[in-house]
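Across the two complexes that follow, subunit A remains constant while its partner is subunit B and subsequently subunit C.
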Partner chain A sequence: MSRGTPARRRTLFGLTVAAALAPSIARAQGAARVVVVGGGFGGATCARALKKLQPALGVTLVEAGKAYTACPFSNEVIAGLRDLKQQEFGYGAIARDGVAIAPMAATAVDPAAKTVTLGDGAKLSYDRLVIAPGIDLDWKALPGYDEKAAEKMPHAWKAGAQTLLLRRQLEAMEDGGVVAISTPAAPYRCPPAPYERASQIAWYLRTKKPRSKVLLLDSKDSFPQQRLFQAAWARLYPEMIEWVPLSQGGNVTSVDPATRTFNTDFDKHTADVANVIPPQKAAAIAHSAGVADRTGWCPVEPIAFESILQPGVHVLGDAALMGAMPKAAFSANAQAKVCAAAIVDLLAGHKPAEPRLISACYTLAAPDWGFSIVGVYRPEEGQLLEVPGAGGTSPVDGDSALRAQEAHYAEACFQTLTGEIFG
Partner chain B sequence: MSLWPMAVAAGLLALSVSADAAEPPPGAASCSGCHGILPTGAAVPVLRGRPAAEIAGIMRAFKSGARPATVMGRIAKGFSDPEIDAIATWTSGHGP
Partner chain C sequence: MANVLINAPGTARKGETIELKALIQHPMETGFRPGADGRLLPRNIITQFTATWNDIEIFRMKMSPAVAANPYVSFFAVASESGTVRLRWTGDRDFSAEGSVTVTVT
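This part shows the complex of A and B:
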């Protein structure tokens, strides 16, 4: 018997659903195969959740790296507060749950034939594909900034060698130096993270090199949790962080790695340590699979996160356009669990329930100074929008006990989240 | 690759039913991002095994502001009372 012929498929509220013939359901449920590309917060969560919800599914996780290096808390690695080892996680536990791990890059996707090609040339067939490859840095978007320039002016926006490079540069800097950070326009991975990084670097400088300065060259005139950050900076690092917004010439138009110079609309800034956070886009495999649009990101419907462009392919995490939900590890994890349940439903010929998602992101402005931004999201007008009346940030007038409590929760949540995924 | 051995497939129909039953109600899947199944130094409580009525009561108190919170007040406001009950029942029984 051949499986799911095109004639048996129909589109239901934007989701492709295998038509409900009893034998085909049994077959689809029993032996259906789901391939997940990318084993980060999104993909690894999804692969494990699929297997847990439906042990009979064949689930393959395709991941290019041997281990995963997590970005949340990597700003603390830069500040010397944490070891990079604490950011690294393996795939052993996921494999023991029965997920097949393909330890190599996916190089191509054929949505019509429903196959994924791997780095060694092998092809995997799927009934449903999940793409969660995260971001690529856009090496063409900022003149002067390419992969080679990143060895002089690190981005440290993918945790690993770049994180350590930025840390070493800070450690080698003389007291009295200037650390400049440039930010991209939205959307980019983790909206508050550039400001958290400025805070963490200031924490290091205040303790080790107190005559130094952080210059934050911003392509925007406002940023998330701005009042919380600015209050924290005034209290913890007075005069140390200078924020230059777009309207005051903060937008960086090109860089020169040889001299560590940032060129802005009106000015030039030469730094002793230069951290360029460049513009970003969905990682390459999303483009070659045909799920990314001209924005560089992947449009999806808001219930199962199935691609608007390629039926049968789901996209989640940083690579996807998720309406109002921020590109964050917590979001990717929440999306992945919703997506896994929806895929199990779709394979059984059921309509997935309308989801509700929570995102909770913590920021550490200092080791004992945490605050958070929360949102609750639901499908509305074809995308995930915030539920009115819920969500928001920590109170701006919170006392130091509250900040210490949130810092404590930040650490506990990171442990729980990475434990759920990799532990 | 061999496709769809029917004998195996037929035997798995029952599994799919139980799997569906374990699917969390809207919102509940997100909880395990912070609430683990093992105590992590008491910072964030474990929900599994706690009576559903107790979880629902605390969620309502977070929602009304009667109980002080860091993030839970902002989260609970995104759910109706029946939604809170469904989440409480699921988290109490299945996890996280």
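This part shows the complex of A and C:
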């Protein structure tokens, strides 16, 4: 019809914008919905923190497992020092805090429609989605190694039945046997864990089967806390652990489960107990949500951990590419708290504050022999980088009293973390 | 003496294409990296890798500072006669290392 005056147009425009914004403002102040996929260290922390920071938020935690089986300390389960039950944590306390638990798997995510599809076909709508699904083992990356092979050569890299299988195999092994462990190239879940596992298994063997050996076939030439581990091995398990690094032919290129054989580029090693730690990737739901890239992991920005690939979707913990921050329980917990605060800010229309994150990692080379590494991280050049000089590791020349104290701190750290998240 | 790893099939059929793998421990110091005192560490790299089969050269590779430490080389050759495959690495500071493997061709 007729052209309106510029003033009239401005008014209309203003009204339109206000009308469009109104529902989301209302939601931001109360009924916004956040869905968290994955009830591990990252997801469970985030769901609970969101509800604490903003009680009016609708928070749903999607997790198929009735209880979470924690990986930290699971190497002690393998060594017979700990019960798997001590690794299991339920979601009752999280539910009592007002988080809705959807006890099933998330099967699909539609980032455009902002919905998550559940195992029973139901759809959950969200304003913000947090994906913290952890890892999947990459069954195609190591020739000869698939789910069936894992029954003969356990990975024990997701705590649970596999942890107990590896423990039973160790218990069934004759004294004088060889336990071989192969490691993947980085990145993988918990960088020092293969070396802690070698230590824990050596502790078991020294105690029960002292003529046995641990053969560590490594795809790398160096590893985290290497000097601390090697000093511990020399003192606690002399001649018991043989470490074969990449440059000495340690890289395993295929396995044969029928004979428990590891093939490297230059040799074959047949073991009595074979533990394959295979290459890993972000769990399947991250791939179906479109937040994982060709690396198999999920790139995120370093302030709210929002996906680079899908706006409105945040990724936490082991599945995400977090710059210099290691894939570890403590890291996921720290990221989850930062992410929860950032989501509350974003829903309220505020810019999230730039975070500082701490990751601490305790390692037990024996029940009374612990050491630790701490890193502090901040966003820089689009990723999380370590703040130089802010972290540190245990002294290499520490005495046995210090190691015993750190072993005690390791247990305390686990109790504190799991108590905060699940207790 | 540098630590050398070599892998070749011990036997091959005449005319078969076989894979040879070799790994040598070497720092491959680029010459562009400062040391603890802030001064550049002098370049120390392997510059050449060769393979001979019964003294006839079958493979040659030049290496640059961009090659990573502990170079791993894999290449293919046609097995034409039984004999010795000799691998030789040479480089800065008169570096020289050698290794050999025998292949029986049937």
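Following the convention adopted for this analysis, the second predicted complex is superposed on the first by the 398 of 423 C-alpha atoms of A that agree within 3 Å, B and C clash if a C-alpha of one lies under 4 Å from a C-alpha of the other, contacts with A are read in each partner's own complex, and residues count from 1 in each chain.
In this text, a contact is a pair of C-beta atoms (placed from the backbone, for glycine too) under 8 Å apart; a residue touches a chain by one contact, two chains touch by 3 or more.
Source: prediction; values computed, not measured.
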Let me test your reading of the model: by the given contact rule, A:405 touches which partner, first (subunit B), second (subunit C), both or neither? first
So, does A:258 touch the first partner subunit B, the second partner subunit C, both, or neither? neither
Determine, under the contact definition given at the top, whether A:387 touches first (subunit B), second (subunit C), both, or neither. first
Quick check on the superposed pair: does A:354 touch subunit B, subunit C, both, or neither? Answer first, second, both or neither. first
Does subunit A have more residues touched by subunit B or by subunit C? B
Have a look at where A:337 lands relative to subunit B and subunit C in the superposition and call it first, second, both or neither. first
Of the two partner chains, subunit B (first) and subunit C (second), which one does A:248 touch, if any: first, second, both, or neither? second
Taking the superposition as given, does A:113 touch the first partner, subunit B, the second, subunit C, both, or neither? neither
Contacts of subunit A common to subunit B and subunit C in the A-superposed view none
For a test of understanding, state which residues of subunit C touch subunit A in their complex under the given definition. 3, 5-7, 21, 23, 25, 69-70, 72, 74
Could you pull out which subunit A residues touch subunit B in their complex? 1, 3, 25-27, 29-31, 49, 53-56, 125, 330, 333-334, 337-338, 341, 344-345, 348, 350, 353-360, 372, 374, 376, 378, 387, 389-392, 394, 402, 405-406, 408-409, 411-413, 415-417, 419-420
List of subunit B residues in touch with subunit A within their complex: 1, 3-6, 8-13, 15-16, 19-20, 22-27, 29-36, 38, 40-41, 43-44, 70-71, 74-79, 83, 96
Please give the residue numbers of subunit A that touch subunit C in the complex, ascending. 221, 246-249, 265-267
